[in-house]
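Report on the structure given below.
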Amino acid sequence: MTATRTVELEGHIIDSGMMGRCFGLIMDMDGSFEVEQFDIGRHKHEESYARLAVSADTEHDLRSILHELHQNGATLLDPSDATLEPAPEDQVVPTDFYSTTNHPTKVRVDDEWIPVDNIEMDCAVVVERGTRGDSDGASDDEELRERGAVGPKAYTKVLNAVEEGDMIVTGEAGIRVEPPERPRGDEGGAFGFMQGGVSSERPSESLIAKVADAVEETKQEGGNVLAVCGPALIHSGAADDLARLVREGYVDAISAGNGFAVHDIERGLYGTSLGMDMETMEHPRKGHKHHIYTISEIIRAGGIEAAVEDGVITEGIMYECVENDAPYVLAGSIRDDGPLPDTITDAVEAQNAIREQARDADMVLMLATLLHSVAVGNCLPSTTRVVCVDINPSTVTQLLDRGSAQAIGMVSDIGTFVPMLADNLLDQ
Amino acid sequence: MTATRTVELEGHIIDSGMMGRCFGLIMDMDGSFEVEQFDIGRHKHEESYARLAVSADTEHDLRSILHELHQNGATLLDPSDATLEPAPEDQVVPTDFYSTTNHPTKVRVDDEWIPVDNIEMDCAVVVERGTRGDSDGASDDEELRERGAVGPKAYTKVLNAVEEGDMIVTGEAGIRVEPPERPRGDEGGAFGFMQGGVSSERPSESLIAKVADAVEETKQEGGNVLAVCGPALIHSGAADDLARLVREGYVDAISAGNGFAVHDIERGLYGTSLGMDMETMEHPRKGHKHHIYTISEIIRAGGIEAAVEDGVITEGIMYECVENDAPYVLAGSIRDDGPLPDTITDAVEAQNAIREQARDADMVLMLATLLHSVAVGNCLPSTTRVVCVDINPSTVTQLLDRGSAQAIGMVSDIGTFVPMLADNLLDQ
Amino acid sequence: MTATRTVELEGHIIDSGMMGRCFGLIMDMDGSFEVEQFDIGRHKHEESYARLAVSADTEHDLRSILHELHQNGATLLDPSDATLEPAPEDQVVPTDFYSTTNHPTKVRVDDEWIPVDNIEMDCAVVVERGTRGDSDGASDDEELRERGAVGPKAYTKVLNAVEEGDMIVTGEAGIRVEPPERPRGDEGGAFGFMQGGVSSERPSESLIAKVADAVEETKQEGGNVLAVCGPALIHSGAADDLARLVREGYVDAISAGNGFAVHDIERGLYGTSLGMDMETMEHPRKGHKHHIYTISEIIRAGGIEAAVEDGVITEGIMYECVENDAPYVLAGSIRDDGPLPDTITDAVEAQNAIREQARDADMVLMLATLLHSVAVGNCLPSTTRVVCVDINPSTVTQLLDRGSAQAIGMVSDIGTFVPMLADNLLDQ
Amino acid sequence: MTATRTVELEGHIIDSGMMGRCFGLIMDMDGSFEVEQFDIGRHKHEESYARLAVSADTEHDLRSILHELHQNGATLLDPSDATLEPAPEDQVVPTDFYSTTNHPTKVRVDDEWIPVDNIEMDCAVVVERGTRGDSDGASDDEELRERGAVGPKAYTKVLNAVEEGDMIVTGEAGIRVEPPERPRGDEGGAFGFMQGGVSSERPSESLIAKVADAVEETKQEGGNVLAVCGPALIHSGAADDLARLVREGYVDAISAGNGFAVHDIERGLYGTSLGMDMETMEHPRKGHKHHIYTISEIIRAGGIEAAVEDGVITEGIMYECVENDAPYVLAGSIRDDGPLPDTITDAVEAQNAIREQARDADMVLMLATLLHSVAVGNCLPSTTRVVCVDINPSTVTQLLDRGSAQAIGMVSDIGTFVPMLADNLLDQ
């Protein structure tokens, strides 16, 4: 017995790698295919189209293949509407729920393709039917549109936000994923130059200049730059330069952990970071006393903002955030001392705060932190610009390996990267 | 002006490295010293004694030096009682509070040296005065002792547990730290062989055999073995072997994160880990669908224990934990999907649960996780046996670099280490 | 002005990724293309065909693009013969010489496509015209064929082997590169399972079993297994198991450095490796005395073979090589002590010896050495099976990133990998 | 039976760590000791003295212990002359030859302590008796001294330089090793600040400023700065800045491999490094064609110096070396293409050339190369200043772990380190 379905690929299917991936995965998964139609874009700005009949030994195998094809942008021919099933309980999804990618996605509802809002990977898609049928007939479309109530809408929900009765998309029908074309040459703006992934063997100064261009470009387009920061940024002496970038408006928001904020404030209070004097590098004894006492003082003041107002904190990154209304999220972790009153200790609450930051960001700088970068990266659509800098090549690889279309990875020293970036942006 | 105080060093001050470190740090910190008395142990089982007059340019510098000397085991001559000050507010410590090391520590209260309970690094020491003075005079010492009420007691508190009015030790007087002698040769039991730190250039099979001996020895002494586990343990195929170790009673407790438990359960439900078939390694597609659905099913069942009872979970590490009453702590993180109902999402609550585990443990196996190992390691006294295995040498170095007297580090593949360890313990 | 040429792609151009890469690089290099014909293989065993007109702004740009297209398997339509130019001097190539890939390659000479022998990357291609024209006319083709003299032949030469007057292929015309299809599923034999590159998050035991299958399969096909070994193999305690694999005929040849052989022999002579006792791990003092003395003794004996015959060496990997006629190459390096008389100290001579080994090998195990693995890898065609094991992920990535069609990378501990591999092959 | 010998420790035995290490290793090696005399330096500038009776179960064990004690600076009481035995053959050492450390060392010959010249680790010590006895009696000491012929001399020989009949020091008697005191505070000059080894968590800019101070200081003292360079320095865009440092006389000599020189020259000839344009980072295709052709052109010119004279090479590091008479050693390796005519392909010859460089150097910058840094490091006495910079922490640790008294390790990006160093030295 063989099961067969027909799928379509449309768009920049060659240039995005979509076609190659789709052909490859059918074969990997022991399926077969016949190409029924193939209209190739004759040059790089033309779109292409392919229609394939995909077969597998069993219906079950075919479904697995179709699932993967969907994830990579193929759609079923003669599309039916997406199948919807109610969530049986809070935080419980129906069997065979559709799990999202981070690519722009549409679902077919009432014969119409509607975009999925707030796309984010590994979520369920919830569809809310429009109010048209429910309305009393008197109201016209315009009024409804004003009330934001025309037609159905679709959006993502993470598992813990699913509520009983939410109409959840299941199966593969009626879903279209659009993997982004990668930008190239001058089309790609500042990010066009980045091809072929992470390397420690690129000219560092030139690469930092390109990152500065991308930040500049993002700001000129009115975009929002989020810096995700690890504590090594403070230890390595880059705090002053990041503080300047916040002050001058090149960094709009900070996502970090409790330790990052404490080290930054300790540096302001004592000139030390974990007890080491940042100027002379003297007395690098392992005492955490300054660290703990810093937290204690901020608790006494009632939090970071209060401590700035009281004049307890007079410099540094957190200071500039408060002074320049740059919002920050400090997410708690089981490694933390204290924590500060500002730190969100509940992981789910912290994720929600991070999710807001991620959605607001047009460009994300991931600076020497794996944990927080993964948390932010989990919430990003594949279309957001990402720059990831870490001394550890594995961290950079892991962070970039998420199908982002506009990502730059750099294996470098955060203690030289941030100063050079700041010089590029501010001293010209 | 010069400030001078006299300090004493006592015990295995050469063998523990105490004397060398103390001399060195005085000079590093621009102090000077005169050795007033020095009685050296003539062979390795005899204790030594040294008395030094330590000087510095200013009283402030001297205090910094004395702080470090204390951390390394020196005590002030002619000891006065420890200075106590009340905590001014909840979660706020007095200026100049004493911040603990992870070494056995005593404080002098009412002219008596009393041990600090639950020693753990970077804590405050709280002293509770005994009830003697409060008692009505009728009760004698014996009765008080029975009631556990004779004399003062001292114990550690992390910052967030400090309550207004707690009597907190400040300054350096009246405190004695006892850095552990490192075990050597046959004195050290199974851990005696480990000298000179981490290396990837040791014979792996022999080293695993020694770790097995140490586990065996710990169990024979009635000790408790805690395994701190990262998700790579599941991906690398070591889950069955760890499950066997739990079933056979070689591992008494598990400390891990939400992801570890989900991967383990997913493997039981679907034979996959993050979508990869663990036997055939086929279809390593990146879908998280199994992962999310696994969490959804456990939520539906009401948690891991309920899912085992319902027959939803029928194998794996979590299954063996439930069946064999091996307690587990799953600490939440901002990277988590779900999470499972069993996962403690609040970082402070999770730390408290981890602290309990750490105090119960006589031996800790840190298996391929930095985050959870640091969290557990933060709560351990320097006398607990620790084995740390990771493929990343930096992780191993970072975890062992905490002054533990009985620590083994091994740069190895967790996917071969755990099976070989299980073979050593179970197949003989 | 625009320059245009027409190129063809033929074979498994989708499955090998050839088409995607060719389209992509034209765009990356600011060229454009029109697809003039496209016949797609309808299922996975059918070949495909594409004909493209490629254009660039200048003739120079077009040549750069055509160069890259060639490297990736495209050929010029209406092929002319390859252009040949004589080498102007020894070790000097003509301007615009063709630099090889490691893929199977043909050159067109006298209107015939002939294979390039001993394909290896970054070489020149030398063409020797056949003797047909030179012969006296009496001899017929058959006789010539017996004398091996019919028609032209083509082969690679590294730069230092080029001799004045060698006829060297230049430009891009008349050259066809055939990037290998990647094996998949059961077609690929033991290597079919490996998709998606290096990972430390695969089940280690299963992966080692697959490597054992691949070794077994290679031996059953009469193939030759070459082990490229670093000194960490000895330190990590895997020497006995590798010695067993040589003795039992699973490893046919060894490629290593001076240090590897010395550590192996020191272990036999003293039971130590760099002074550490391999059983007890005691006395890991840093003395190199055993190391130097071992070399001195082998020099006194006149070399490894003589030392085996004299009974100086009685066990170990080098011993088994001598006893079982397994050839070894010990390549010198500027880090070496000694070196042993067997070590080839001249880098060019050593490369030539390694080149012979690489050409004889049907499967190569790269075990914990970057330097020697790169040297061997440089000489391998892309069709040779390669397994690379190292504790450092960067080493594995770097070694596999050479377009090999049949490569397995594993981030693991060589001290557990080799014993487990030997158990899989020998204890069943 | 117990074997006992008395040893002395003299000098800064506490501050250098000598005493701690000696006590520790006796116990590690299952020996015992009695302290017969102990006069401690009362402050940091006073020397100390200790006399110990060291015992072990067997004469053999005692010898092992004494060997290690010697390596760490202890000397036998009541010293006899060093024992000398002739080398039995070329490149063969007597049984029980003394293997050197890299610390300043003296041997006792004819009741006099004479320094061992050209101290280097893992060598034999050769003693040449003076000519006093051989002289005709007429010449007086002064004349002999002028002829350099008064008294015996001692120097190191690597194994391959040992000649039959050389008088080689054996055993442990009559040898005194002087492990260097570590510099501290302002005594240590620019290197005084470095305590506690390698870290990626130090302020990078401050650390680079300190390195610049140390280079400046070395030059002001008339010292010689040797840069040991890996090819990543070129790829990461630091070539121009290193060229400036050579031109301005801050770097006096270069030690590198064939690839380093080729990449540097290719950059000058084509603006590419391994085919990547260093300015635009465009077209990072993997072609080695420029690389091979560069070598070919230099061969045609007759070498680097000839190519500079012919105007083929007009910029870059090698250019500045030729123009500024900065000597360079290019050591061959089995990874090399070509090689260049300047490359020393024989490993033993290359080691000898490196040895000369190492002996001339007062400060060594090890920049992003493990192989060449190890080769240079092997030839350095422990008193030479060393700065080691690499993106890989393991490389830095491995290079610094050789008992150098004046070593700075930095985990950083060579592509930002060298430009910042050059800015510190040149732009002020």
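The first chain written gets the first letter, and so on, giving A, B, C and D; residue counts start at 1 in each chain.
Criterion: contacts are C-beta pairs under 8 Å (C-beta built on N, C-alpha and C of every residue); 3 or more make two chains touch, one makes a residue touch a chain.
Owing to the predicted nature of the structure, the values given are computational and were not obtained by experimental measurement.
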item: Superposition rotation for chain B onto chain C, Cα-based, multiple of 5°; value: 180
item: Interface with more contacting C-beta pairs, comparing A-D to A-C; value: A-D
item: Chain of greatest Cα-centre distance to chain A; value: D
item: Between chain A and chain D, centroid-to-centroid distance (C-alpha), Å; value: 48
item: Cα-centroid distance, chain A relative to chain C, in whole angstrom; value: 40
item: Per-residue multi-chain contacts in chain A, two or more chains; value: 28, 195, 394
item: Residues of chain B defined as touching chain C within the complex; value: 193, 195-196, 200-208, 210, 232, 235-238, 276, 278-282, 284, 391, 393, 411-417, 419-420
item: Partner chain A, residues of chain C touching it in the complex; value: 14-15, 17, 19-20, 23-24, 26-28, 30, 32-35, 38, 40, 42-44, 184-185, 195, 393-394
item: In the complex with chain A, residue positions of chain B that touch it; value: 25, 28-29, 64, 67-68, 71, 88-89, 91-93, 95, 97, 99, 121-122, 124, 158-160, 283, 285-289, 291-293, 295-297, 299-300, 331-339, 345-348, 350-351, 354, 371-372, 374-375, 378, 392, 394
